[in-house]
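Chain naming follows the written order as A, B and C, and within any one chain the residues start at number 1.
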Amino acid sequence: MAPILDAQGLCKKFGAVTAAWGISISIEPDTVVGLIGTNGAGKTTFVNMVTGYLKPDAGAISFKGRDVTALHPRHITQLGICRSFQIPQLYDSLTVIENVVIALGIIQRNSKSWIFARTPKIVPGHNSEIWPAAEKVLERFRLSEYRHSPAGVLPEGVRKLLDSALALAAKPEMLILDEPTSGVSSEEKFAIMDTVMGAVRSEGVTVLFVEHDMEIVSRYSQRVIAFYEGRILADGLPADVLGDRDVRKYVVGGQLAIAPSEDGARA
Amino acid sequence: MRELLALLADGIIYSSWLFIIALGLTLIYGVMKILNMAHGSLYALGAYAAASLVGYWMGHGRAPMASYGMLVLAAIAVGVVAGPLIERGLLRFMYGRNEIVLLLVTYALFLILEDVIKLIWGVEAYYVSEPYGLLGSFDFAGLTYPVYNLVLIAVSIVAGSALAAVLRYTHAGKLLSAVIHDREISVAMGINVSRFYLVTFTIGTMLAAIGGALTAPTVSVVPGMGVQVIVLAFAVVVVGGLGSLPGAALGALIVGLVRSAAVHYLPQVELFSIYVVMAAVLIFRPKGLFAGAEVRKI
Amino acid sequence: MTRADYTIPVLLAALAILLVLGLLLPKWLFLLTLALGKGLVVLGLMLLLRTGLVSFGQGLFYCLGAYAVGSLGQFLGIKEVLVLLLTGVAVGSLIAVILGLLMAKYRGIFFAMLSLAFSMIAYGLLVKTAALGSTDGFNVAPPTLFGRPIGGEQHQYALFALACILVSVAAVLTHEYLRTPLGRLAPAIRDNEIRVEYMGASVRNAIHVKYVIAGALAGLGGALVAMTVGHIDPEMAYWTTSGEFIFVAILSGTGSVIAPFLGSFVFEIIRTYAYQYSPNTWQLVLGSALLLVIVFLPAGLWSAFSYIRRRT
C-alpha cells in the first residue's frame, strides 16, 4: 500500500544546532506510530516540518502522493493533516463549545465551493446544524460537562483533550498529537489516550504521536520511531524498539554519562 | 547652493527640536514598553511651567540671562513632580497588561492633562520671548538666524550624548540595558525594576518638558500645543525604531530634513510628507531603521 | 444556539422607540441623528476590537465619506440622499480594501500607529487643498430623497427616520456577520492566531474583510454626519477624532451591536452638556471615565448591563 506520508531526507539547522540530519520516514495509512526521543532530539522539529510550521532546509515531504514541503500550515490542514500541541493552543476567552464551533465553522466554509465560502449567510438561523455537531464532538471526547466553561479556566488534562478534539474536528486523514499526555497526572494519562484513540481509530485515521511516557507508547502504538540528535535511532515494533540497547541508552534511560565498566558490560 | 544650505540649516534646527521631543518617548518605550500618548501633554506642561517661571523671574527684575536656567529648572520641576505622580499613581497598577491597554491608559491621561493645564493656567496665551531674543542673531547662508536655535541644537546634542553615556558607561546604565532587554530576568536577578521604571519615566517626562520649555520662547504657549507634538514624536520614533536612542537621532534627522525640503520646495505637502515617511518605514522596515527592542508579531 | 439571542427583537424594539421618541422630542433630533452616524463608525471599530485590533485611524474613512458627500454636492450638484449614502459606503470600502492589504499584516501598536499615520496623511492633504476649503472645510447642503427635501432645519425628522432605518439594517447585518464562520473568527484571532491558521483559515484574509467592513461603516457614518451637521472639515481626519471613536468603543464594550449606539448617544449627551457648563473640564471627565472603564470594567459599560441581566 502506498504510504500516506512520505518524508525523504529532511534536514534542518537552527544556527549551530542541527535538529534533523536527513530524516526519512514513510508512514502507512491507518496505523498508529509513536515518536520518542529526548528533548531536542528532533521529534517536534519533524512534526513542525510536516505541518508546515517550519520549512526544511533540504528534503521533501509528500502527503497522499502530493508534495507538501513548502506549504503553509492552513493548506496542510485543508489537505488533511491536523495536529495537537505540546502546550494546548485554545481560545481561552471562549467557552469549550465555542472553541469547537469555530473549528467546525472553518471546515464547513472550506468545504463549500469558493463562491459560497465567501458569502456570509444572512438568513437567521443558518449554521444551526453546527451546534449539535459540536455537542457530538464534545460527547466523543467526554467534554460535555465543560461545554460552557471558558477554555482558559480548564484543568490541564481537559485542555489537552480539547486541543485534540479541535484537531479532530476537521476530520483529518492524519492526526499528529504532540505530547498528548504531558503535564497530566498518571491516572488521567490513560483516560485521555483511551478517549482520543477511541474517537479517532474508528474513522481509520492515521495517528502519529510524540510521547515521553514509554508505557503509553508501548500500549497504544503499532510502530515506534526513536529519534536522537536529529537522526533516527530505531524504527520498528514497539517491543523491538523499546528493547533496543541504543534506545535504552540514549532515549529511555536518559543521556547520563555512562561509566566505562558499564559500557564494557553490555548484555 | 544657498538654497540648499538654508534647507539644511532649517532641517537641522527642526531635527534638534524633534530629537529632544522624541528622546523621552523612545526611552520610556524602550524600558517600559509603553507608548506614551500623553507625551505631548508633558511637553505642554513644560512649556507652561517655563512660561510661568520665566514670567515670574523677569517680573521681579532679575537677570535676563538667567532665564535660560529658569527654562531648565521649570522642566526639571515638571519632571520631578509629574513623573513620579503619574508613574506611581497610575501606571504602576497597569504593568503586565496588554500594550494596547497601556496605550489607551496614556490616551486617557492625555485627555486629563490637557484639561488640568487649562484649569491651572487658563485658556489665554502666554508669551515668554525674552530668552529667545536675548542672544541676538547671526548670519548663515545669507539668512539671519537667532542664536537661540544654536541653543536648541546644543541641548539636543548634550541630552543625547549624556543619555548614551549613562547607558553605556555607568553601572546603573548597564542595569537599565538589562531591564530593556528582559524585564522578567532582570527581576529574577535582583534588579529593582520598579525603581528603574520610576526613574526612567521621570527622566522621560523631564525630557518632554525640556522640549516644551525650550519651545516656549519661540511660540505662544496655548492649550492644545501638545496635540500636534505627539504625532510628530511618534513619527520620529517609529522611523528610528521604537526604543532605540540612535534611532531617535536618525529619525529626527530624516523627518526634519524631509520636512524642511517640503517647506522649501513644495509647501503643500509639509504635513503630509512627515506621515508618509512614517507610513513608509512602518511598511518596509517596521522595526525602524535601527532594530529596536520591540518585536512585532505577524 | 446555547443561549437565546434577543438582539434582533431588541433592535427592532429600539427602532420603534426611537422613531416615536423623535416625534415627541424634536429638539433632540439633531443629537440623535449625530449619535447614530457616529455610532456607525464605532460599530466598525467594535468589530476590529473584537478581533483584537485597535484602529486609531477610523477618522480616515469617516472623513473621506463625509468629503465624498460634500464634493458630490458641491461640484456635481448631486443631492439625492440614497446616492450620497451609497457613495459614503463605497468610498470607505474602496480605501479600506486597498489599505487593508497592508494593514492586515500588522497587529498591536503597529496596527494602531499605521492607521493613525494614514489618517494624518489624509488630514495633511486636506488641510492644504484650497479647492476643498483647506482648514475651514465647506458646507454641505441638505439632501433630497427622490426629489423631496430631507434633513436641514425643516425636515430633520425625515433624515432621522432614515438614519434609524439605516442603522438598524447595518446593525442586523453586522450581527449576522458575526455569526458566520468568518465573523466568528474575530475573538479566535484575538485569542490565538496560530490556532486559527492551524484550523485551516487565513487570518490575514479574515482581518482584511473585517477592516473593509469597518471602513465601509465609517464611510457611511461620515456621510450621514456630513448631511446632519451640514459642514465638513479636515478635523474629521485628525487623530483626536479617531480617539473619540475609540473612547466610545471602549465605553460601550464589544458585547453587542446595539452597544456602540447607546454609547455614542451617551457620549453626545455628555459632550453637549459638559461642554456647555464646563468647557475646560470635559476632557478631564472623558479621560477619567475612560480610565475607570479600563481599570474596573474592561468589557465596557455593556458588560455591566449583561451582568445585571444574568443575575435577574
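By definition in this document, contacts are C-beta pairs under 8 Å (C-beta built on N, C-alpha and C of every residue); 3 or more make two chains touch, one makes a residue touch a chain.
Values in this document were obtained by computation on a predicted structure and should not be read as measured data.
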Self-check item: Each chain counted as touching subunit B and subunit C at once
Solution: none
Self-check item: Central chain (distance from its CA mean to the mean of all protein CA atoms)
Solution: C
Quiz item: Using C-alpha centroids, which chain lies at the maximum separation from subunit A?
Solution: B
Quiz item: subunit B to subunit C: how many Å between their CA centres?
Solution: 33
Quiz prompt | Separation of subunit A from subunit B, taking each centre as the mean of its C-alpha atoms, in whole Å | solution = 51
Quiz item: Where the centres are mean C-alpha positions, what is the separation of subunit A from subunit C, in Å?
Solution: 44
Practice problem: Please name which positions on subunit B make contact with subunit C in the complex. | Solution: 35, 90, 93-94, 99-101, 103-105, 107-116, 118-119, 123, 227, 230-231, 234-235, 238, 242, 267-276, 278-279, 282-283, 286, 294, 296-298
Practice problem: Flag every residue of subunit C that touches subunit B in the complex, lowest number first. | Solution: 54, 102, 105-110, 112-114, 116-118, 120-121, 123-125, 127-129, 239-240, 243, 246, 250, 280-284, 286-288, 290-291, 294-295
Quiz prompt | Residues of subunit C that touch subunit A when the two form their complex | solution = 1-2, 8, 173, 176-177, 179-185, 187-188, 190-192, 194-202
Practice problem: Note which residues of subunit A are touching subunit C in the complex, please. | Solution: 51, 72-74, 77-78, 82-83, 89-94, 97, 101-103, 105-110, 120-122, 124, 126-128, 131, 147-148, 166, 170
